[in-house]
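Below are the structure tokens for one structure; questions will follow.
Chain IDs A, B, C and D follow the sequence of writing; residue 1 opens each chain.
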Amino acid sequence: MILPELIISLNVMIFITGVIIPLGIEKPLNMLKLPLISSIAAMLLSAVYFFCLHNSDPVLFFGGNFIIDKLAFYHIMIVNIVFLAAGIYMQEYFAKSMETDEHTAFHYRRFSMLWQGFQLMLIIVILSNNIGLSWVAMEATTILSAFLIISESDSLSLEAMWKYLLICSVGIGLAFIGTILVAAGGINTFSELYIHAEELNPKLILFAFIFIAVGYGTKAGLSPMHSWLPDAHSQAPTPVSAVFSGVMLNAALFIIMRYLPIVERAGGGSGEAHSILLLTGFLSLLFAAVFIPIQTDLKRLLAYCSVEHVGIIAIGIGLGGLGTTAALLHCLNHSLSKMLAFFASGSVIHEYGTRDMRKITGLMKRMPMWGTAFMVSMLALMGVAPFSIFISEFLIVKTAFTGGQYLLFGLFMLGTLAIFISMLKFTLEIAFKQGKPGKLTGRVGIADKAIIIISVAVLLLFGLWLPPDFFGFLEQAAQIIEGGLI
Amino acid sequence: MIINICLSIAAALVLSPLLGGIINKTKAFYAGRKGSPVLQLYFDLFKLFRKESVISTSATFIFQAAPAIIFTSTLAATIFVPFIPGLPAPSFTCDFILLFYLLGLSRFFLIISALDTGSSFEGMGASREAFFSALAEPVTFVTILTMLRLGGGTSIQAAFRGLSSESWIIIILTAVPFFIVMLAENARIPFDDPNTHLELTMIHEVMLLDNSGANLALMEWAASIKLWLFSLIIVKILLPAEILTPAAYTGLTILAVPAVAVITGTVESVMARASLLKVPQLLFSAGIIAFLGFFLSLNQFLGW
Amino acid sequence: MIKFKLSSLPIFSESEFREKALGLTSSGCRISSFFASAVEGKRKLYLVLSDDEAGTVQVITTQPAAVPGNSGELSFHTLTTENPAFHLFEREIFEQSGIRPEGHPWLKPVRYPDRRPAETDFFRVEGSEIHQVAVGPVHAGIIEPGHFRFQCHGETVYHLETAHGFQHRGIETNLIGGPRPADLCKIEVTAGDSSIAHSTAYCRILEVLSETAPPARAEAIRAIALELERCANHIGDLGALAGDIGYLPTSSYCGRIRGDFLNMSALICGNRFGRGVIQPGGTGFDLSDKIKEQLLARLSAGRDDFISAVSLLWDSPTVLARFESTGTVSQEASEQIGMVGPAARASGCGRDIRQNHPSGIYRTDCPKIAVSDKGDVFSRAWVRWLEVKESIDFIEKLLQGLPSGDVFIDGAQKPAADTLAVSLVEGWRGEVCHTAITGTDGRFSSYKIVDPSFHNWFGLALALRDEQISDFPVCNKSFNLSYCGFDL
Amino acid sequence: MQHNLLILISLLIILSNLFLLGSSRTRAMLRGIAAQGVLLSILPFLFPMHKSGLVSIIVPAVLSITIKAILIPYFLHRVIQRVNTENALNPYIGYPVSVIIGLLISYGSFLFIEKLPFSYLSISPFTTSAAFASILIGMLIISTRRNVIAQIIGYLVFENAGFILGISISSTMPLFIEIGIMLDLLAGIFIMVVAVSRIHILFDSVGTQKLERLNK
């Protein structure tokens, strides 16, 4: 089967040319077109291999170092969608900030190159079957994305970048130790490891998984190693915040998902690995519940909200069964709504000139379009009924309840409720509190309108009616995590 | 046993002034100079013994008695580290305490004789000496304990017996801190500068400022015997006795002790003297290494 | 160098003088010299202020008022309380002329303990655990005499007071009535290691007073001699610093290299300290092409030796640990007390006469000024290291582009009458300031020398504050101030 | 012989860790970490049983000596020169105390290493426990130092621990991944170094106390 190799090579080539071309471009706006073009190309390619491979078994290629299966495909889709949307949004966003900032072509060139490298590395993370390669690519995302944070170069973003760099490097270092311990047996691909899992030393693998969970969990923003996340997400330029929240956290969780069946199979299904995820998931939820009410910065609020949702995904996977499917669905829902929320807040912050939520009032009247987008995305993030996050959260709660884990159920409800109340208060004040009169000139381009409308539509659609084919696809992907198909 | 004691004392008396000469020659080599003759200290001692002592009017009998006490107690300490293996040597339970307490006695008299002169410089030197030796003492005892732990006895002989080529890791972790202690106890760089003329920075030399003639000679001689003793202990740590015949071992020792002096001279040449504030840190590092050795000896990791 | 007709110098009233002095010193001017002089029986105060930014020198004068009830005694209101840089100058004025600075906080004699009725005890820190340590005037090494009194608490120094005057020779009084041919020899030994700096300053006074300009070749040779002196002394000090911390390699190599540089001076004039090179109106010696070639060869060898010997210092972590953060003088303190020379530049005050008040060859070309900002022993050593390298380059440049022509022009021996002249030279230790006043007969009625040590001794005291007493030798060496230059 | 060498290297690694914990001067720390890099590059030769072929021994050794002992210390040296870092930044835990903690950590890892599930994999418990102690000591340095360069060096200690573990217990990574790991490290340090110069330009200091404005 030569096809996947060809497609992946093409994909890599696209990004490599994408990284090289900006060197020859002078106009900043043109440099920013490139990420968009390569995202579209990547999107088309992934569509191609979806049609070729969506019904087949997992495909190994490049000497078994890469794999495409449903789980990987699903995540690739999320990566491509978010990057595409962010690529579109970016055009308007930087065009606006170009009017005021004194950034040189150098900044935009660097941004364009790093952005595409970042996307490529995320795709490699997801397609990798080799545990070492996963690690290398994950570490590379840290390195490449560090400078995306300080595109708006001021002291706070520099501080955020430093924390991101240091904490994530240490986290990834821990994951490295875990990776080595897993590879100690002499096998270093996920698929082989799963096949030979029963021959592995269960204690060793569990011990290694702790390192892996903490390590990649750091990058995923799971508590207690999440402290870089609010800083980096809030200080980065909005498109970067969107891909951090929407994609990078998922990708880090994705590696943990890859390890999960191996650990469980090695341990004879003892469920210890799941418990670790449950624990960190609840810790994250708790942290978010404590810190969200005291926020004043809009983007920090969204960042803590990411901690919450990553926690929820971890809880879903930790619960297993239907919870895993729900968690996968939650990945997409969260990415879409968080992306939209960041886009909206980015525009709002730009127009109001402040990130202090106490100073942003009367949004619905002053910026109707972005206001609506903001309202919808915030409501979705809170888990309000007609939107899709409600469905995924509901499924997770249901899993906990039907599984008889009432304590977990109670804790989950308590945490989400606390977050719901404080976020609702913030959202309502921003949207409807009497503010200064007069509309703001926030332009909304055609592309922006399209993003808003499509995202809202998908969020609503999945909330009201989940296509059975899609759900079936998700269930099959979840089976991989559960240890069924590989 | 008497023979061995006599030999130890004789070797210490005769050979010890050589070490200072070797150190100075080494330093001169690194500094690109010719340097004073290796036997310079012998000449100095000879000269000083022929001179009369001038004694400050403010000094009491302590000042006059101190040189003799310092000299004899330092010399007495040497008998516990026999020069020739194989022959019976004085050895009893916890004799290492006596050894270091004899050195302590000489230090005590050095300090009070310095204070006795009433000079402000010598007072400062005495207080520094007291402070730093208090820091060096625990390190010494930890290294001895490490060796005793391996040797399974409680005397110095047992301590040296315990070391073998098997336990080379312990040997390193004992010899290095002991070497640092040696530099501190014998007023070498980086702890003290034996060549300086700056009263305000000296430790050991400043305490001898008021001594002259035979008294000064005794003090200098005692200092070189102390250096000899410490070098000999280091050689004994580094060269486990079991590997050679007594004769060969003795020969090797005679070569190795000057080698320690050469190493000391090298250290003095490549390092600057540390600020007095840093001296506790240096001794602290020595202590850390000594403790590492002690921990390793506790668990017998060597069997791994 | 600059001169003023005495009649053109306005005499301010005391309050005007005070206002002007404080105003100028607070707006960037530095006290180069402050002294009392009796011209035609009227005792006046002369304050020489140099403005480093503008490169100008000003002189303001006043006539102090008589003390009521005591017709013979004069007094003025002290300026020390407003600006600490006046402290030592006022004490000196009181000692030399008897004009009392009223309200001076510590009116102790500077050199002669018995000349005036005054406080002679040392400043004492009270407390039962405070002890005093007295060092000198006779020291253990071969150094000049000076007394140091430390107020210590354990090993920590709370205060250091220096006492001088053990080798005063009365140079300033000796010069009155000059110029005489023998005076140059006295000037050359004002501070023996700064012969060139002092003799240049003296010759410039004579030249400006007689309006003779030395030929360009002479100016170049003067600069070469001055920079050689700087190199030799800095190298010697770097070696001595290494010796003080027991780092023998650099110490012994630098001792030799210093000799090499002294021998280069000897190559020019036959004397290792450059005696006789500088003459009023030019130089006493010319550089033949052979000597020039020889100098160039020796310089490049000397530079290699110097760099390899001193690099050992910077490569040795124990040396750096010993130097860094030892004996720190902050930039603020350095500005306040008016420090000069490498010590000031090590504290971040980039003042250098060669750049700020250039004369001679320095008007057209000037080595790069080395500045460091920590103010510790390391910085003072580092500044010297940079200066030596710069100076060697500068000497090479001068040698290669040596102007042709004579090295001497006659006529500098007849100063104008009734004139005040100031000359500033950057010696290796810092600013050397000579001020001369001529009487109606064209002879010196007053001659004032300020050696850089005069400005800097108090800096050493500040460097020692809250430091270990065992750090004194290395701090002292990093300043390496002159005793006889102070005592005069 | 090989066994003894392993013990010696482990011991030197532990001592260099303690040295790093105890030194306040960033330049001294730099020497310590470069020395560690040299020690690491000897290790691949001592675990030949894990490797197939000479290339897979030499490549990691050469990479480690060029990257860990030469390139990274060089970057850091350059940045230290540029930022003129202040040494007297009081750490959260004093130097002597952190050395004692480091000593106890090292001793503890000797004691407990046999109880950990991977001890059976290694032929030299000495090396493994040295690596394990390095992980903790690296984290200790990162979390207690206020100087960003010291933090980078702590991170390097931590990375070195991973390298030692990798060499001593597993070897199945394809060569291209080992190269990738090293290049990642190099790039990461390079980015950190660039960040440090920016921090220095913006804050005029490389202390972390000015990097504490973002919290909550």
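Heads up, the rule we're going with is that a contact is a pair of C-beta atoms (placed from the backbone, for glycine too) under 8 Å apart; a residue touches a chain by one contact, two chains touch by 3 or more.
Just so it is clear, the structure is predicted and the values come from calculations on it, not from any experiment.
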Number of hops, chain A to chain B, where each hop joins two touching chains: 2
Central chain (distance from its CA mean to the mean of all protein CA atoms): D
A-D against C-D, pair bridged by the larger set of C-beta contacts: A-D
Rounded Å distance, chain A centre to chain D centre (Cα mean): 31
Mean-CA-position distance for chain D and chain C (Å): 51
Rounded Å distance, chain B centre to chain D centre (Cα mean): 37
Centre-of-Cα separation between chain C and chain B, whole angstrom: 47
Overlap residues in chain C, where contacts from two or more other chains coincide: 321
Shared-contact residues (touching 2 or more other chains) in chain D: none
Multi-chain contact residues (two or more partners), chain B: none
Category of the chain touch graph - line, ring, star, complete, other: other
Complex contacts: residues of chain D adjacent to chain C: 25, 27-28, 31, 87-88
Residue ranges of chain D touching chain B (in the complex, touch as defined): 4, 7-8, 11, 14-15, 18-19, 22, 95-96, 99-100, 103, 106-107, 110-111, 124-126
Chain A contact footprint on chain D (complex, rising order): 116-118, 121, 135, 139, 142, 148, 151, 155, 158-159, 161-162, 165-166, 169-170, 172-174, 177-178, 180-181, 184, 187-188, 191-192, 195, 198-199, 202-203, 211-214, 216
Chain C-facing residues of chain B, complex: 27, 30-33, 120-121, 124, 127-128, 189-190, 193, 195-201, 268-278
Parts of chain B lying in touch with chain D, wherever the complex brings them together: 168-169, 172-173, 281, 284-285, 288-289, 291-292, 295-296, 299, 301, 304
